[in-house]
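Multiple structures are listed underneath, in structure tokens.
Both complexes below contain chain A, partnered by chain B and then by chain C.
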Partner chain A sequence: MRLRGLMRKEFLQILRDPSSIAIAFLMPVVLLLLFGYGVSLDAENVPITLVVEHPSAATHRFTKGFWGSNYFDPRQVPSIQEGVRSLLTHQANGLVYVREDFAESLERADGGAIQVIINGVDANNARLISGYVEGVWNDWIRRESQARGSGPPMPVQVQQRIWFNSEVRSQNFLVPGLIAVIMTLIGALLTALIMSREWERGTMEALMVSPVAMREVIIGKLLPYFVLGMGGMGLSVLMAVFLFHVPLRGSLWLLSAGAALFLLTALGMGLLISTLARSQFVASQVAIIATFLPAFILSGFIFDIGSMPPVIQGLTHAVAARYFVAILQSVFLAGNVWSVVLPNALALMAMATLFLAITRRRSRKRLE
Partner chain B sequence: MNDNEATTHHHGSPPDQVVLEFKNVSKTFTAGKRKIKALDNVEVRVPAGVITGLIGPDGAGKTTLMRLAAGLLVPDTGTITVLGLDATHDSLAVQASIGYMPQRFGLYEDLTVQENLDLYADLQGVARDQRVDRYRELMRMTGLAPFTSRLAGRLSGGMKQKLGLACTLIHPPQLLLLDEPTVGVDPVSRRELWSIVDRLVREQGMSVVLSTAYLDEAEQCHEVIMLHLGKLLGKKPPGEFSRKLEGHAYTVRAPGLNKRNVQKKLAQGAGVIDAVIQGERVRLVMDSTERPAIKELLEGSDDALLQPVPARFEDSFIAMLRSQTSKPKSLAPQTDFNQRRRIGGGDNKVIEVHDVARRFGDFYAVKHVTFDVKQGEVFGLLGANGAGKSTTFRMLCGLLPPSGGQLRVAGLDLRKAAAAARARIGYMSQKFSLYGNLSVRQNLNFFSGVYGLHGQRRAAKIAWALQQFELEGQADAVSSDLPLGYKQRLAMACALMHEPEILFLDEPTSGVDPLARREFWLRINELAEQGVTVLVTTHFMEEAEYCDRLAIMSAGKILALGVPAEIKQEASSRENADPTMEDAFISLIQADEEESESNG
Partner chain C sequence: MGRRIIALTIKEFLALLKDKKSRTVIIVPPLVQLLVFSYAATFDLNRVPYAVYNEDPGSASRDLLAAFTGSTNFREVARISSNREIAPLINGRKVLLVLHIGPQFTRDLLLRRPAELQVIVDGRNSNTAMVVLSYVRSIVTGYNDRWIERQGLPKSPARLVTRFWFNQNLESRWFIVPGVVGILTLVVTILVTGLSVAREREQGTFDQLLVTPLRPVEILFGKALPGFIIGLGEASLIMLLAVVWFEVPLRGNILTLYTGIVLFLLSAVGVGLMISSLAVTQQQGLLGAFLFIVPSIILSGFATPIANMPEIVQELTLLNPLRYYLVVLRSVFLENSSFTLLIHQFWPMAVIGVVCLASAAWLFRHRMH
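Take a look at the complex of A and B:
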């Protein structure tokens, strides 16, 4: 009866308080839209300046590769000065310089030269652009040599296939990872906030002096927010599959089980924070710094864990979201790969147990 | 209630049964580096079937004592027995048999009245088939029946208090602990709460421990536990506290003399324990039964009338506090304080409020209020929490735009006026806006800098403040570590650094001990005498007596406006020829309710 009373109260409060609904349902939508559409790790329509000092049939054969690619948004200018200016004024992120002697130099034994200048401020983007430019120009060499029928034959034929994300869409990998971030928010931030709200408003004192056991108070918070979190999760999965067309290759059942485990961990963290911080302000700060930011940066959701320095890599093992991101990405993109899912699920289980056990130990029915 | 009633209505509990016992209980809290002894070796026995009052100013240890009794805190030393159970080890069993209402009533504001009741019925394990009857009884008792579907957050302060009480009573407890249930609620609700509690004790033999900072409530308790700074000062029936001072109390009437002047002179006189303004008289408490030489005290006022009166509980409390702390040194006239404000006479209106309203959404916090304040006046806004006092204040200080009406302060509209106009007012907010991690001196330095005091003048002003407000000993103490009374003095010093003409004080005495309150009002008097206009809000009815004029506010309206004596006079009736300010307040609220009912 006591537990039911507590849970009913919690649901009523969720219904009346727009902020928890917002965190649980609005936040996933906003974050998914933002990351799904706004953040893309693919460079598309990169503005690029083609400096062609002496346009000819030969230069046209070379530059048409840029016009035909949807990676580039090229603009052709006749002088290098103008080209450099476009780079300096951020009108273009890269510059391809085809000198006036391009056509003649092709006939020479040592071959011609083109110059590529790339704005390297955004290192990631610069690498992408340089890769794309190289692609265009390799393509051109192949076509040229085929056309002449003379050039040196390719020693190796590369047959490239991309697995799991064959279209190489960064959405396919960002959106599943984002679900882990969203669940961290709902689980940890929301629980930390609502527990500290009870402290702030003095209702915790009234709860404690009633004959409820602390166990019941904790379960009374866990269950409603577990349901809310799974709701947010469901919404995110629906959006991922139907809005962003992320393939869901594994089973929904496995996905839900993984999500449930992770949500327990996140709720555990939130409750633990709230036993330490008794004001909503401190609780939200701690929740963001201790759970949300690590989930964002150290979970492998955007930044590959394998390429982090060893110390940071070690640190990521303490971030629950990393295990869930691994589960999410393999269930979405690869299927039920037990060799990935199982160890990560075990890690989550261990963390959930740990956090909930500490919370249980730390929360006594005392005001100190 | 009187002793006879209390003893004749015990139900099954023998008269000398003890429901709550503290043995050598000490409790220390650490705040940063500082250790606070909240309770120091306290011995208490609370008898069954009566109301026991827990009296003391803020920081006395009342809440700590309550929480210890409820098993929410563990004592450092000593044992606590509640209804025969050990409060530390059997806290769950204790909590199942007591009712405890925390200071903020423990209500969920986003749940309705009914949902709050349901929740607490679930938590207390009240059987479903008993609930209907129990709810009906509680709603009848508290008068909340028409409001069961209203959100608790939308209730008035007094209604919240009653709902909080109903929630704690949902499973009738053997021992009821009420932590400051009457603080900040209007006097009508206060009286109603007392009559409910009286009835619980009489009809059901419930034992009640009630803490309060209102000294007049002590007289309604069967027994009083007096606490100060964690120490037990005494524990006996309230009458016995005051009996010692029987024959020490007088009222003084000095025709032709300003009552505030009379009070100031008396308060500094030799052998005087206490002097407070009461209506048109000054109530005087001496340290011996010897009849005071009133002419000497008042320096040759010939027609002063001295009339012996019975001692009150408050007298004994003040006497006890005085014996614990040294008497404040005489408040010498603040010669340094500028005299220019006297110019212009007393009829200058410095604050004009005309038909001012303030709306928040569809809720009117202030409804078409009109009043004005003359130069050098002490003007009080009196009302319970939520009456609209602070909102009115914020509008006057230009912190909040009014939804309608005109406001002028020192002839200027502070919303539009430049900083120069603001330099003419001083504002002390409810929370004493001090920088908690700065020292006293740094706070003074900062506030004088903000108002453009520099060099010699700033140094002189800071020295003045430290000396005048007796803060020299604490000049380098971090202000968040100061006791409340010191914080209040520092906050007032900060508000005065730039010698404002008008001083706004928002609930300046809330929570500070009665001695600090008395000193505070002496300082206000000093300022008023020098021509400073003082606007002050308070929920202490007796403080209204210190004001030249006052406005009584309730639910955003001004119910009465005028000189304290006039306001009281209007409330006098055949049954009550000499009403107190509280009586006047209650009759005003009742009249207002009748009027709004008859208007539909």
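Take a look at the complex of A and C:
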């Protein structure tokens, strides 16, 4: 009964200041829209400069692969100086240098060399571009060897099968990951200030002298925001499936259960920050530092956790988003993989319990 | 005018650093995060767990697999003997890839027919999958060259010689660490400035400030300087760590670099103060800070290239000061870019900074509750 009253009070507060509703519903939609379209690791139309010193039928057979590819946006220049300049001024990411003696060198025993220079500053992108160039080169060399009647240029051939995401769309894994990052933010934003605000405004003392138990205060604060957060989560999942066409191969039920656990953890973390900081100023600063960047960088959403140094891998276990990202990526792309979902769900449960227990302990009815 | 600004700046510093919790929050986390994130944020893979399903009795397949065992990028965790075992290993994330060699492998090779190495990769993170495949291909290319050499087969008519400028070994850390420097500078500056006016508004002390003889410009300077000074100090410290600890080469001119830093701080402080003076409560300030920090980091080119974004989002990033700052940092660090080459990165930051600071000063008086 008392709990009902507290929740009513909290709901009224939410309705009076609609910014919480905007945070829960508007923010995920706007951010997911912006990031879902904006964040992609698939390079297309890479600007590349083809330096062909002496264009001929032979060089054309090679360079036409670049013109026909979606991956490249080629531009042909006659001199290497011009090519290097395009690289230095960032007009092109790569340079393919076909020398004057290209056609003759093909006939020599040791073969000709085609030089490729790629701007390596963005190492990941450079590796991707180098792979694309190799693809064009492979097609060409295969045709060329066939025409000359020599054996296969590559005795061992790699035949790749990419499971769960055969078209290699980076959005398929980035969008579920973004949901985890965005919901981390929203969880923290919803709750990070609510306790410290009551302390700062002096209304916490008013709550203390009332007969409600601290446990009831916490539940009364948590539940309304949980309802709001689940609404935002639902919207995000709908957008992922219908707008970004991420396949949902697992069950919606399992996804919702995972989402509920994660939201509880995120809200619990916000409450904890709020309780420990006591002032809104410090709570805000901690919320900014402790939520977004760790969720972005340490959750495995974009950077592979298995490749981090062991110490850092250990640290990632303290980031709730890590478990949710694993659940989301598996349930969306692979299906109900219990061996992935179960341990991660348990970890989330443990974290939520821990956060709420500490919050409970630290918010005794006591003044300092 | 000068004395009043100094007095106000001192007051701001006191307000910021007097509270022990707030002091810790501003100084410690950025340094810790530089270390943690710089180690964590890499697209390079190592110790990738894989399983082998080898049906070939011949020696050629053993040689090929030895090349994988010898690589530090890979770590063999299982040998399997049937197709059925593949799915559980990959689904449960025990391995990232399975190498499957058919029974005809060695025979095909000796008969000079193309022999197949089948690679099954977990594509849940498709970028990781692509990186793994590029590692596999480079191992196979090396193996092919050795095979052709040993068997005296005719060489192919041309070779591809690929070189990577500015970052020869494709260390993603060289790309990421300057990026981390950029995002931490942004976060620190917004932390210091983003709530400073909102807090005074909520506590009512801002009205007192407005009735003093201080002019809005002076208040602006007083509020902007602490963020600027702290940002400059931390940016320098973080960069020192990047060079000394992470050994990222600093090839360019320090003056060019600092031009970029100063202009970026100008724009970040401007945005921070604008958010802060728009907000009437601290909660709104926090919301505003988040709404600025998050998109500006995700859409800055820090982790995913701006060139991959759709046209309209790319144009949106022109409003993002971090976008320019990251280009300056990476170009000066790795490419030794000249001052003139970076002019197009400098002026937008200056414009953003001046516009935001001017609007913040205007808002001081015109937004009251």
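Definition applied: the second predicted complex is superposed on the first by the 362 of 368 C-alpha atoms of A that agree within 3 Å, B and C clash if a C-alpha of one lies under 4 Å from a C-alpha of the other, contacts with A are read in each partner's own complex, and residues count from 1 in each chain.
Note that contacts are C-beta pairs under 8 Å (C-beta built on N, C-alpha and C of every residue); 3 or more make two chains touch, one makes a residue touch a chain.
The structure presented is a predicted model; accordingly, all values stated were derived computationally and were not measured.
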* Which partner, chain B or chain C, is in contact with more residues of chain A? -> C
* Please work out whether A:Q13 is in contact with chain B alone, chain C alone, both, or neither, and reply first, second, both or neither. => first
* Thinking of the overlay built on chain A, is A:G5 touched by chain B (first), by chain C (second), by both, or by neither? -> first
* Where does A:S210 make contact in the superposed view: on chain B (first), on chain C (second), on both, or on neither? -> first
* To do: Report for A:R361: first if it touches chain B alone, second if chain C alone, otherwise both or neither.
  => neither
* Name the contact category of A:I289: first (chain B only), second (chain C only), both, or neither. => second
* **First (chain B), second (chain C), both or neither touched by A:L315** => second
* Footprint of chain C on chain A - complex, ascending -> 19, 23, 27, 31, 34-35, 37-44, 46, 87-89, 105-107, 109-128, 130-131, 133-134, 137, 141, 144-145, 148, 150-166, 168-170, 172-174, 185, 189, 192-193, 197, 277, 279-282, 284-290, 292-293, 296-298, 300, 302-304, 306-309, 311-312, 315-316, 326, 329-330, 333-335, 337, 339-340
* Asked: In their complex, what parts of chain C are in touch with chain A?
  -> 19, 21-22, 25-26, 29, 33, 36-37, 39-49, 64, 88, 90-93, 96, 109, 112-131, 133-134, 136-137, 140-141, 143-144, 147-148, 153-168, 170-172, 174-175, 183, 187, 190-191, 195, 199, 202, 282-287, 289-291, 293-295, 297-299, 303-305, 307-310, 313, 316, 330-331, 334-335, 341
* **Touching residues on chain B, where the partner in the complex is chain A** => 67, 70-74, 91-92, 95-96, 98, 100-111, 115, 118-125, 151, 167
* Inside the complex, what are the residues of chain A that reach chain B? -> 1-2, 4-6, 8-9, 12-13, 16-17, 201-203, 205-213, 365-368
